[in-house]
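Attaching a single structure in structure tokens format; questions to follow.
By written order: A, B, C, D and E. Residues from 1 in each chain.
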Amino acid sequence: MTPPAPRGPLLEGFNLTKTFEARRRMGAPRARVHALDDVSLTVAYRETLGLVGESGCGKSTAGRTLLRLLEPDAGSIWFDGEDITHAVPRHMRALRKRLQIIFQDPYASLDPRMTVYETLAEVLRVHNVCPRREIPARVAELLDTVGLPPSAAGRYPHAFSGGQRQRIGIARSLSVAPDLIVADEAVSALDVSIQAQILELLARLREKRGLSYLFISHDLGVVRYFCQRAVVMYLGRIVESGPVAALFDAPLHPYTRMLRQASPVPDPVQARATVQVTGEVPSPLAPPPGCHFHPRCPLATAICRQERPAMRDAGGGRLVACHLYREEGKEGQASFS
Amino acid sequence: MPRPAGSAAGRLARKLWRIATANITIEAGIVLFLLVVAVAVFAPLIATHDPLDQDLFERLGTPSTEHWLGTDSFGRDIFSRIVFGARISLVIGLSAVLTAMVVGSFLGVLSGYLGGWVDQLVGQATNILLAFPSLILGLMVVAFLGPSMINLIAAIALATVPQFVRVARAPTVALRDRDYIQACRALGFSPLRTMLRHVLPNIWPEILVMATLWLATAIRVEASLAFIGLGVKPPTPTWGGMIREGFENILTSLWLAIFPSLAILVVVFALNLIGDGLRDALDPRLRKDE
Amino acid sequence: MPGDPVLSVQGLSVQFRIGGAWRAATRGIDFDLAPNETLALVGESGCGKSITCASILGLLGGEGARVEGSIRYRGREIVGMPESELEKIRGKEIAMIFQEPMTALNPVMPVGEQIAEAISVHLGCSRAEAKTRALGFMERVRIPAAPERYRDYPHQFSGGMRQRIVIAMAMACQPRILLADEPTTALDVTIQAQILAELRDLCANLEMSMVFITHSLGVVAAIADRVAVMYAGEIVEIAPVAELFAAPRHPYTQALLQAIPRVDRETVTLRAIPGQVPAIAEFGSGCRFAPRCPRASEACQAVPPELAARGGPEGHRVACLAPAPVRERAS
Amino acid sequence: LAAAFTQAQPATAAEKVLRVGMATGDIGKIDPHLAAGTQDKVVVGWLFNGLVRVKPGEATPKFIEPDLAESWTSSPDGLSWTFHLRHGVQCHQGYGEFTAEDVVYSLQRAADPNRSAYSSDYKAIKAITAIDKYTVQIDYSEHVPSVLGFLINFQGGNMVCKAAAEKMGADFTKHPIGTGPFQFKEYAPQQELVLEANPAYYEGRPKIDRIEYRFIPATAARDLAFEKGEIDIDYGQTDKTWYSRITKLPHTKVVAVEPTELYTVHINESHPPLDNLKVRQAIAYAVPRDALVKYRGEEVTRAAKSVVPVGYLGETDATPLFPYDPAKAKALLKEAGYPNGIKLKVVQTSLGTMRDTMEVLQGQLRKVGIDLDLQIVEHATFHAQIRKDMSDLVLYAAARYPIADTYLSQFYDSAATVGTPGAVANFSHCNVADAEIRAARTETDPQKQLALWATAQKKIIENVCSVPVYELFNVWAISDRVKLGYELHGALSQGIPIIPATTIE
Amino acid sequence: MARYAILKLIYSVPTLLAVLTLVFVLTRVIPGDPALMILGDQASPQAIAALHVQLGLDRPVWMQYLHFLANVAHGDFGKSLVTGQSVVDLAASVLPSTLELTIASLVVGTVIGVPLGAWAAIHRNSMPDALVRAGSLLGLSLPAFVFGILLLIVFSVQLGWFPVISPTGRVSALENLRALALPALTLGILMAAYIARVTRSSMLQILGEDFIRTARAKGVPWRMVIRRHALRNAIIPVVTVVGLYLGVLIGNSVLTEMVFNRPGLGKLIVGALTQRDYPVLQGLMVLYTLLIIIANLLTDLAYGIFNPTVRLR
């Protein structure tokens, strides 16, 4: 079931920064949300990269920025060896055939006023994927791929269950034959049993079509199951990344550790162990200085409050951004000033 | 079974039919409204007199068997004038509101979807339009373009446009961040396509409800403009014009102003039935507990 | 669990009027809740967890809904109780926490007042007294600087804090039973962990029973004493928590447990349950899981299986004609 | 807001207040030389005097009597006039005695196009000289049909006080100072103008202490206010329905007084097919003059007799107007080559009575196949457009100084043709009577003058330059509590003259 | 908050300028000559030409415009061409009555409209709902001037409770209120028809919200739920609507003012337009636009009061 080894970068983001102007209240001064703060990540060919973190940490922003659905304030984006940071809209629209996205909410991601057929056929038409005559056949084929009956074509989204809708969304992404799909919490809204069905489908597509995924999720269990590597974000920054098993079995960053401990495990014996979770996620409008995580970190020291920790190689394909990591005696690694 | 791609009109017709028969309120409204339309269309068959025929010696007659609703100050038959007046009043109301609806919702969607300077510009223009009292706006348009039904319609439409811009803009802003609209961008659809094929169809229920409300207002505004003498050219009967004429004799012949007001009431009633029905029919939460 | 049940639900069926006909969304729900006990209600979305809870509080009813069966709170029948009586029970005896902390609070009322409201309604005490008590509960759910935040509005709090306010509100009159309808589903895992810990503490300290609704088996493992698994409007299995996880007997429960990827270890195979949950209108007369069940026989299609011990311990009941055999528990 | 709730200032019990309701949204210019609207002229009539005046209650020059001038003489050739002023007449509000200087100033002002709308009436004045404090001499360069007529208390003949006018300049309109029985007190825009009795009035202090002149544009509101006794004098509607309703009210007198406004349909000869005499005749035959009078009410209307209003000096009905004969009208149209009728474009003001009249005419002309395409525009646009020659027919209502010349010169002399320089109001492009009109203007022999005017009228009527329709009286409802103190037949100011003897109970 | 208000006013300068320009251009291109309106139909062409020079109307339009802008920048709005009154004085003289009427109608409209709308929503699809909806339809279809006259006939003439025409000059507060009553009722009741509709639908929506269920689950009695939870939330969109309606009230009450013979801004504007009294028209439009802007500002602030989520910390 494990896909073949990655072959090199397909989609890369370098030092991406994105801020939003927060909705202003009456007369309040402008405030900016740093949704992405110097974020770099790479998805290799045929790789599935997980992106985890708490709500509002910038996962979706990262995914959308990489697809240029949002324009980054700084940084660059490369796709298949081409710098697409400033690609013109026309070119970008062509590229979208190869870069797709699946959304979290299966209820909100389909136009409620279009039948499944219309939804899928429109994409095929707009991108001239196939001759017009073949559109009906192509739609039927797509439905079959995602495991929906042909009769689904004539129905509206409201007539489907969440899982079925998510399949329609996937079929829509597949209609243009993409190389990479950003799955933005594609299974989070689904019940466990349906979640399993969709994961199964995504895995099958990965096998058959050689797809790469950027898989955004807040469920560590799912990421561990589905991804090869994962990146952990906290308040707009990447705090740690590495192969999933190593990352979750032996987290290096205190935040990853906290996440890991808080993630419920369906095992009453294990679950009752006390979890070490403190504090709330601070407002992204006013992130704490230094390491963003320090106010919640049980191990924080003075330097954590002042200096932003650099991203360091921890070996085994792992990277971590924590001051304490050095103090644990791994000196000699790449140092940073 | 894949369905043929074409026949957008057929699809729309089917949708309209589904909505039209969604609940009894809408049905009642539509029947009533169609009745008024029928009266307008078949006015010559229904009217008992020539609506323009003056009888200078029978002015301001009270309702009688000869003149069911009495006569006006020129001795014209009020019933016949109301019947014929339905034509113009409906045309004015419908065309003004349709124009305002099309222009307003397009601008609203445009400004809501694109945001940025387009939004600023449309917003400012809307504010400016809103800053003119509709009466003044009407007066200016008619004084500027000269009096004609088209201009009257233009004046009323212009005064109504901002309302539709607002109605269309707010849900567009909300929709813009919805996943399925985002998906359109992700799929490489052009903004125009996204707006016309995906945003607009999803906000039109709200626009439609608004339109039913404003249609009534448009018919009434004609009365106000007629009041300051800027209605439709005489002797063409319109309800607004009749109210204005009636007002001049209101102390002696109250019914002159009341009957055309009642005619407006019927239309307003029909439209509000439709509007209220639509609101319920299109609101999933309200639909659930039906 | 010792003592008489504080809550006893029998043959509960909630029906909705859909397209002119009455359709049962839930059928024959039976369970008891012992003092100090936490019962988890799990199941897929739409299986009837929320409406079961809502009917316990008498919040269902009106034109489009009908409740049948019996719900007894300390011997008093709730089904059919007049609204004025219900109002005395709601909040004071039985309180409820809702799923969405974002919408469960009145956006234009200071949070403190929302907590104090329940207190003054039920205990009839003065404003000042109610405020003092409300502040006490705010501190109890660990809202920092509670006195300063008393007059703040919901939007000024984060999701986790809001959920704590909702919990404080539910606790304010020290009810005997807390109905928690997915109180952590909308929250991040770290916050979820905190809230779960807090709920556990509160239940223990205030001697409260709790019905905890969730669809996450991980959360169930963390909080419940006993678990009822629901499928399509019915309870298919009910057992003490450890037993259920260790030895599930209903095919649905088993499949569910196998469909969860785990963080703590490598999940090699994830087995999805094929097919879909039927819609209310499509419910058959037999076992509702039968169409998806690998072990289904013809008998399953005919009659609904009753919830019974079926050879297992009395506390572990299952509604299946062919349940998995009772296994020795590997301790 | 607080300002609106200021303390009441109770009127003393004895104070006699006359409240007049006027059909206007606001006052215009209360400068006698500029006042154009009825609402302004009414006030001017209370504030100013002329050298001579028409006896209060009358509206024709037959009743000229001394006013500020006690007596006058003229040279045998009629080109030089000397006036002897009344002594001790005081200007309002302490602006001093009214003297010959003021007369000179006033007349020069009235003759100055920059300061007066009526300058053309005084074109013939060569010199105005103050002989002494109480004597003025006016020299004319040519014969004027009615010297005294332009020195009455009407339009340019009103005398202003020099000191005040010079001091205030353009503000004079806001603060008019004259010598009349009442003087300006205060003005509230859109609400009212308050006048108070002139204690130094030369005929004695008026019994009425104050006139509250209220602007009430909505007829219904004005009538209801009158009915409830909130106003004492109500400007009426020249309409049968109004007349009969108000007449039925208790303690009410309704008066319909001169001058009338003659409603005339001017036919634009320069627009085909109206260049065809037969078409014009057809229009004339299609107007049911008597029916229209009945429609509007015989109490408040009278049928037109000539192209000059009835009673004007020189007016004659010697040439009868075309009678109502629809069959003939149709026949004429057919003869002219329009068997299916004609369609005419008519620019029409949105103002009430004018519009009503046009609508009735529209309905009547329709019966013979003349279709009027009415372009209803608001009043300012109407005036602009008819002067740009844009209308086939122009319905115009006007009251002028009551001699034939004013009407004939303004409406039928080709020098006044709209669209030409110096144009006033010849909307029909009428030029058939130029010679007679101009000759009559300087004719010294009254008989010959009358004859010339008669010929002019004959020619105009026969050429159908216009179709005179009817004349509407000014109608007022007066509460019985008001005792006018004179017999009211008319008033050139179009208002109700308030003389010192007038009082209210 | 003051900062917000000031900012908002500064932001509205372009709007103001645009309105001004529009009014200026429009009034100059529509036919009609103020000189003719002032001097009357007997005026000689010389007199009219002279007046043109005197009023500066002979200069090119763009020069008039610049001149006008320069004057406005100095706070000089000129004088009425017709009466010679200073525009500022004119505006000041009608402002109180306009504000009075606006505020009074607003109060009447809300006080009647909100409870009725809420009442209808609570009793959805039953008798009270039907009554309120029918009443509001009546309000939506009756022109204000007809309704006004009906009120006049009944309350002033028949019952004699109120004066037909507003008293002028200095009058007691009580008398002023009496004169205000009918016009305010006319506009207010018609507005209530509108407000009731909005309240009703807003209330219907709120009644379906989660927090209503929360309140019920707390055991709060139904009446209290309505009052303390539903109504307070339902009022929020009503505030916006009331704000929008303010413009209608200020500008479009011309006909009502005419019927009740009250001075007012709208009436003055219409009058100035028909008289082609350019300075007055321009000045009043500035004032009117300002009022609208201020009304919007107040709406925003009121919105903040009712809706803490947009309130300043």
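Simple rule for what comes next: a residue touches a chain if its C-beta (ideal position, glycine included) is under 8 Å from a C-beta of that chain, and two chains touch if they have at least 3 such contacts.
What you see is a predicted model, and the numbers here were worked out from it, not measured in a lab.
J.: In the touch network of chains, how many steps separate chain A from chain D on the shortest route?
T.: The fewest touching-chain steps linking chain A to chain D number 2.
J.: Sort the other chains by how far their Cα centres are from that of chain C and give me the top one.
T.: Most distant chain from chain C: D.
J.: Find the chain most remote from chain A, comparing centres computed as mean CA coordinates.
T.: The chain farthest from chain A, judged by C-alpha centres, is D.
J.: Provide the C-alpha centroid distance between chain A and chain E, rounded to the nearest whole angstrom.
T.: Result: the chain centres lie 52 Å from each other.
J.: Between chain B and chain E, tell me the centre distance in angstrom, where each centre is the average of that chain's C-alpha atoms.
T.: 23
J.: Counting only Cα atoms for the centres, state how far chain A is from chain B in Å.
T.: One centre to the other, that is 48 Å.
J.: How big is the gap, in whole Å, between where the Cα atoms of chain B centre and where those of chain D centre?
T.: Whole-Å distance between the two chain centres: 45.
J.: When you check chain C against every other chain, which residues touch at least two of them?
T.: Residue numbers touching two or more other chains: none in chain C.
J.: Which positions in chain E touch two or more other chains at once?
T.: Each of 30-32, 149, 153, 270, 274, 311, 313 in chain E touches at least two other chains.
J.: Where in chain A do residues touch two or more of the other chains?
T.: Residues of chain A touching two or more partner chains: there are none.
J.: Of all residues in chain D, which touch chain B in the complex?
T.: 219-220, 223-224, 241-242, 245, 288, 291-292, 294-295, 349-352, 355-356, 358-360, 362-364, 366, 373-378, 381
J.: In their shared complex, at which residues does chain A touch chain C?
T.: 54-55, 161-164, 191-197, 199-200, 218-222, 224-226, 245, 248, 258-272, 274-275, 277, 280-281, 283
J.: Any idea which chain E residues touch chain B in the complex?
T.: Residues 14-15, 18-19, 22, 26-27, 29-32, 133, 137-138, 140-143, 145-146, 149, 153, 201, 204, 208, 244, 247-248, 250-252, 254-255, 266, 269-270, 273-274, 285, 288-289, 292-293 of chain E touch chain B in their complex.
J.: Help me check something: in the complex, which residues belonging to chain B touch chain A?
T.: 1-3, 5, 178-180, 182-183, 185-190, 193, 197-198, 201-202
J.: List the residues on chain D that touch chain E in their complex, please.
T.: 1, 3-9, 21, 25-29, 34-37, 113-114, 116-120, 170-171, 173-174, 186, 188-192, 194, 212, 214-218, 220-222, 224-225, 227-228, 230-231, 377-381, 383-385, 387-388, 398, 400, 410, 421-425
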